[in-house]
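Chain lettering (A, B, C and D) follows the sequence in which the chains are written, and residue indices restart at 1 in each chain.
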Amino acid sequence: MEALGHFNYWMVVLLMMIGLYVVIASGNLIKKIVGLNLFQTSVFILYISMGKRAGGTAPILVEGVVNYSNPLPHVLILTAIVVGVATTAVGLALAVRIYSAYGSIEEADIAEQDQSNSD
Amino acid sequence: MTGLAIAGLNKLFSAVMLFGIYSLLSAALFVALDAVDVAFTEAAVGAGISTILMLGALALTTSRQRQISWHRHGSAIAAVSVTGAVLLYGTADMPMFGDPLVPALTYVVPRYLEQSGSEIGIPNIVTSVLASYRGYDTLGEVTVIFTAAVAVAGRLGRYRAGEDGPVPGAGMAHHLILRVVTKLLLPMILLFALYVQFHGDYGPGGGFQAGVIFAAGFILYGLVFGLESVRKVVPPSVIRILCASGLLLYAGVGVVSLLLGGSFLDYDVLAEDPVSGQHLGIFLVELGVGITVAAAMISLFYAYAAYKGDTA
Amino acid sequence: MTAGAIMQLALFTPLAGAVAIAVCGRRPNLRETATLVTAVLLFGLVAALVLREELTREPVVLVETLPGLSLALAAEPLGLLFALVASGLWILTSVYSIGYMRGNNESNQTRFYVCFAVSIAATMGVAFAANMFTLFVFYEALTLATYPLVTHKGNEEARQGGRTYLGLLLSTSIGFLLVALIWTWSAAGTLDFTAGGILRGKIDDSLLPWLLALYFFGIGKAALMPFHRWLPAAMVAPTPVSALLHAVAVVKAGVFTILKVTIYIFGIDLLRETDATSAMMWIAAFSLLAASLIALRKNNLKARLAYSTVSQLAYVTLGATLATAMGVMGGALQIAMHAMGKITLFFCAGAIYVATHKTEINDMDGLGRTMPFTYAAFFIAALSIIGLPPLGGSWSKWYLMLGAADAGQQVMIAVLMVSSLLNIAYLIPIPVRGFFFAGSGEPASPGVREAPLACVVPLCLTAAGSVLLFFYADPIYQLLLPITGQ
Amino acid sequence: MISEHLPVLQVVVPLLAGPVCLLLRRPSANWALAASVSWITLAIAVALLVEVRRAGPIIYQLGGWAAPWGIEYRIDHVNAFVLLIVSGVSAVVLLFARASVQREINNRRINIFYTGWLLCLTGLLGMTATGDAFNVFVFLEISSLATYLLISLHPDRRALSAAFHYLVLGTIGATFILIGIALLYMMTGTLNIVDLAAHLPPVAQTRTVAVAFSFLVIGIGIKAAAFPLHMWLPNAYAYAPSAVTALLAGTATKVAVYLLLRFLFSLFGPGLSFEQYLLDKILLPLAAVGIISMSVAAIYQTTAKKLLAYSSVAQIGYMLLGISLASVTGLTATVLHLFNHALIKSALFMAMGCVVYRIGTTQLASMAGLARCMPWTMAAFVAGGLSLIGVPLTVGFISKWYLILAALERGWMWLAALVVITSLLAVAYVWRVVEVAYFRHRESCAEVAEAPLSLLVPTWLMIAANYYFGVDASLTTGVAGRAAELLFGAAP
């Protein structure tokens, strides 16, 4: 039971770390954004997991049901998802602009170009 | 899981597609965890909007990435494993998964579960909490989306009239079957969006999901018939006004309740009795959310679709 | 008018003067009139303050920055003396700078006079500070106001000198003095200058020497070795500035602060009882001798005078560290006497430069015959610095000796004596060579060819002043008597 | 009636103005709206501070729902002070922005620029006013997204990569904060900060709370650009439009430091933060190393804006130093420096904005002899630089004073020494600019004139504030002292 009880969280941690790894290791700007999304989505799962109540149902009031899952994390995550997509949109827009300014979306290329005509 | 595959892939296109699948999978997981509203949103946003945005960005840039140096791998793995280890360490004292007696389920939440029926009067507790108890968070959320729309428009868009050059891509308008199917689909999508918008009180859904679906309809239209035709239907300037007015509607409800003697966003004072006041308030703010989200999504689509090269 | 009002006026007069000078920048005559009028006015104000029968001890609070930490002014004997010396010499320096600046056709003269006036305002602030915080504020203001004067020429050498000047003075004052200040404040809860000191019983005896060291090294303007480098570096400045630095304001502000700290923050009694000063006393003695030795080896006249100043300042520090009434009295007198002597020497150096454009002592042989007034003044001032009667300098040396004897420091008496010999060795050869050596290279030209009158008159006056100070030292002595606690 | 709603109006007024601003077409109307709204928020902030000083903390329940079920705004001395800083800096910098932005930003994007500005202001004020942990996250994201936009609006392409870099790091930081909040919620079931503090003690010993603590500290640390999490800051500051740099330098990192204070003291409490998690032991060396290394880095910069940016990271180190002293005096120093450094840096960056306005760059090489052509601008830089160094009668001095006092209180002479030595490093980097501008030769001033009054007046207004609050510090020290006591008094 001990192991099973935390299995969900372990998977979340694993996913988070994959996401974070992609962000840090990638030199490609768009892949970084993908990684960020991965990272954030796994946090969403963390929230939703802790709202789950064994044997509960979706938090929509129905006559006769008393065992609901926790709606609060759902609300928070609805907000967080929106925030996530907003960040993604802005990040990608920047990446697109960077591509047209530098002709590349590789971090290394950009750094090199900045270096060559730096102040 | 899928995530691992993303990390390993060099082809950005596949990575993005896999990300879409991953999002869908997590949406399924959310359903299993009773979070239907979240699942709905994740499916629409994570799998839908985000993936489309990423594809759009890829189309505008390049779709291959270079090999990562081993040095980078090393430092990334080090950073990640430390963070991961800390988190795993933290899980040790976490409550069991699904345990009904944890503080998260016994402290604040019972009031929502037990009294939202009488205080707010709508069955979907998620909507009650979202739009009323924590309505201010949602106002913030709408502001975030608005900010993002402004930001993307600011970086990519070329909104002012008279500057729009010829827009690329006549879409797939020559494709007869697609055209017919789209024309058939479109009303249904829009209708569904409206349903989701106004049914949010009872079932899963609400302004946000509705807005996304609504926007999806237009985006589909745009993809098939070309950007130019969709811009004729809904000009960018209208979108901008809508985007702002949704947010203004939401905040305006707050200001009205304030003027009527309540707190900011206190819907009780909007009508004679509190419950109908709550109904009205939630209806209005959900509408505001829907309008802003739809307009924001469409403006994102415009911005990406119309972008072609440097407009600094 | 109350004493407080006069002090505020004394602070604002030079500032107003600075504004007037800036406004008249385009018309040199008017500008210099403004300078002179301000100088005379200021001296009148300070003199009026000195002549008042009783002093209002109650400080005048200008603003309160933090609770218990305010900008406040108070008149007190030591400060009055310093203000009197500074404002008096400023008149002469102003006259002299007009001659010097015009004689040399220097650029940016308006900036020069403005900064000069601001420096004097800051000096007045230092002199009338009622607490250590106020003193610190004006001390820093003085550093900043003199910085453009030091770098006046604007060439690489001047910039380099200015960098050293600003760097050393700011780093010592922020690095040590500020810490000492905050330490004192956190221990005693006040920074007011109080007769008998404020630290008794507030700080552990074993820590006193450390705090004292922070103060003494922190007051970089006192040029205690090893923080004396700024003084020779500042030699790049025009001569009137050197006079300002060495005699009127800057270094005097330094040793003045040292005396203030010794008397009103620590209290002589506390220092004597705890024997906290011995380390600093040895450093002062070392500084005194070492600087004299270096001066001996300098061929550049101004550099030699600069090291002489370092050495002479150490007298004051030494007097403070003796922690006896006579020692402190000697130190205080030294401020006035050295000011009078050193300003004469610098005026002379400047006059020689204006007349002949010579800076190296080797080249000055025989000049005494063409510039007799200048050289005579130089000779008198040199004797005063050395401490021979009948010149003012002898009094300060005398009291310092007495102080050392009171403190039972025979070694220090010896140090003072050796130092006087060294003074003779590095100062006297200059007039001797001027009068008796034949000019090198070209034959000594006959006839008198002095610097402009505006240069010569002030230096004659200050030389005469050195003589007068010998005969009229008593009023100063009476003025200063209260600070010794007797 | 208005007065009781001040807490929410503080945030909602700029929020409402944002979308309106987007719809206005004329650049001058955009600016006028943003500026007037910003001055209104300043007036509200002043009113709030007065009210808090008079009657103590103000609690405002949003939507009429009591916490912890609803979200509440809770204004006490600490955040009333921070609200004042944020709205004040924004108000003054907006005066400056008009001409500067016109020069630096494409005319077609000016409505977007000011919309972004108002949203950024909304986010910062919202983050500061709220008493709800999750609400912090939401408003944090509003301000962050707006900031990315504002930075990237500069035409220099390096602004794009700087903004992107900031976006990635900022999002990681925000997500860390989100994880921290999740873990805290999991253990206590509440999101209200005061309520969290009350429910934390029973579970304080769990590993989960410890992990939540570390994630929150790291997440906020990234947003605050605390060394060594500062990598995003120098480029972001250096390549942002001048007015944006002045705004960010005065507000963004300040609010993040405020959040750190809020979480460390009000939520976890000093007992937990320092005695159990030994945060002071970790923070102290990091802050010290950060101050020294960043000051040294500043000395070697060749661009004045970047030099000031590195200096900002070093200055944040002073604030962390004050926290790590774990005493009321230390905390007072931190809160004071929040305010004081906001004044200093926004003034300095505005002066740099004047330089950019005229010569288009702040490269030191191009600034040679500039003081002759732009005497008032460079005089402002010198005046601000003195404040940065900490010369008496400037606000910088007041901060240093309290910091050294706090160090001496703990008996840490070496720390006092560190503070003064690093002030000397500040002398070195400030003087690098001064020397170039004053004592290098410049051929002629033919093509470079003094900056227009519309830039100079706000700059000097900020400089005047530097000196006013440096001479009469009773207001700031009074509030900061009270704030520090409150934060400490909130200990369980």
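The rule we apply is simple: a contact is a pair of C-beta atoms (placed from the backbone, for glycine too) under 8 Å apart; a residue touches a chain by one contact, two chains touch by 3 or more.
Fair warning: this is a prediction, and the values are worked out from it, not measured in the lab.
Chemist: Between B-D and A-B, name the chain pair that shares the greater number of C-beta pairs in contact.
Modeler: Ranking B-D and A-B by C-beta contacts puts A-B first.
Chemist: With centres defined as the mean of C-alpha atoms, identify the chain lying farthest from chain A.
Modeler: Following the centroid criterion, the farthest chain would be C.
Chemist: Based only on mean CA positions, could you tell me how far chain B sits from chain D in angstrom?
Modeler: 31
Chemist: How many angstrom lie between the CA centroids of chain A and chain B, rounded to a whole number?
Modeler: Those two chain centres are 14 Å apart.
Chemist: State, to the nearest whole Å, the distance from the C-alpha centre of chain A to the C-alpha centre of chain D.
Modeler: Those two chain centres are 27 Å apart.
Chemist: Please tell me the distance, in whole Å, between the geometric centres of chain A and chain C computed from their C-alpha atoms.
Modeler: 69
Chemist: What are the residues of chain D that contact at least two other chains?
Modeler: Within chain D, residues 134, 138, 141, 145, 148-149, 152, 157, 179, 185-186, 191 contact more than one other chain.
Chemist: Pull out every residue in chain A that's touching 2 or more other chains.
Modeler: Within chain A, the residues that touch at least two other chains are 16, 20, 33, 50, 72-73, 76, 79, 83, 86-87, 90, 94-95, 97, 101.
Chemist: Specify, in ascending order, the residues of chain B that touch 2 or more different other chains.
Modeler: 87, 91-92, 94-95, 102, 104-105, 108-109, 112, 134, 137, 140-141, 144, 147-148, 151, 155, 312
Chemist: Output every touching chain pair, sorted by label.
Modeler: A-B, A-D, B-D, C-D
Chemist: Under the touch definition given earlier, write down the residues of chain C that touch chain D in their complex.
Modeler: Chain C residues touching chain D: 63-67, 71, 133, 136-137, 140, 144, 151, 154, 158-159, 162-163, 166-167, 170-171, 174-176, 178-179, 182-183, 185-186.
Chemist: Quick check: in the complex, which residue numbers of chain D touch chain A?
Modeler: 134, 137-138, 141, 144-145, 148-149, 152, 157-158, 160-161, 163-164, 167-168, 171-172, 174-175, 178-179, 182, 185-186, 191, 302-303, 306, 361, 363
Chemist: Which of the residues in chain A end up touching chain D in this complex?
Modeler: These residues of chain A touch chain D: 16, 20, 23, 29, 32-33, 36, 39-40, 43, 46-47, 50, 72-73, 76, 79-80, 83, 86-87, 90-91, 94-95, 97-98, 101-102, 110, 114, 119.
Chemist: Tell me, which parts of chain B touch chain A in their complex?
Modeler: Touching chain A from chain B are residues 1, 3-4, 6-7, 12, 15-16, 19, 22-23, 26, 29-30, 33-38, 41-42, 45-46, 49-50, 53-54, 56-58, 60-62, 65-66, 68, 72-73, 75-77, 79-81, 83-84, 87-88, 91-92, 94-100, 102, 104-105, 108-109, 112-113, 116-117, 123-126, 129-130, 134, 137-138, 140-141, 144-145, 147-149, 151-152, 155-156, 202-204, 208, 293, 300, 303-304, 307, 309-310, 312.
Chemist: Can you check the complex and tell me which residues of chain D touch chain B?
Modeler: 1, 5, 8, 12, 15-16, 18-20, 22-23, 60-65, 68-71, 106, 108-109, 112-113, 115-116, 119, 122-123, 126, 132, 134-135, 138-139, 141-142, 145-146, 148-149, 152-153, 155, 157, 179, 183, 185-191, 199, 203, 206-212, 214
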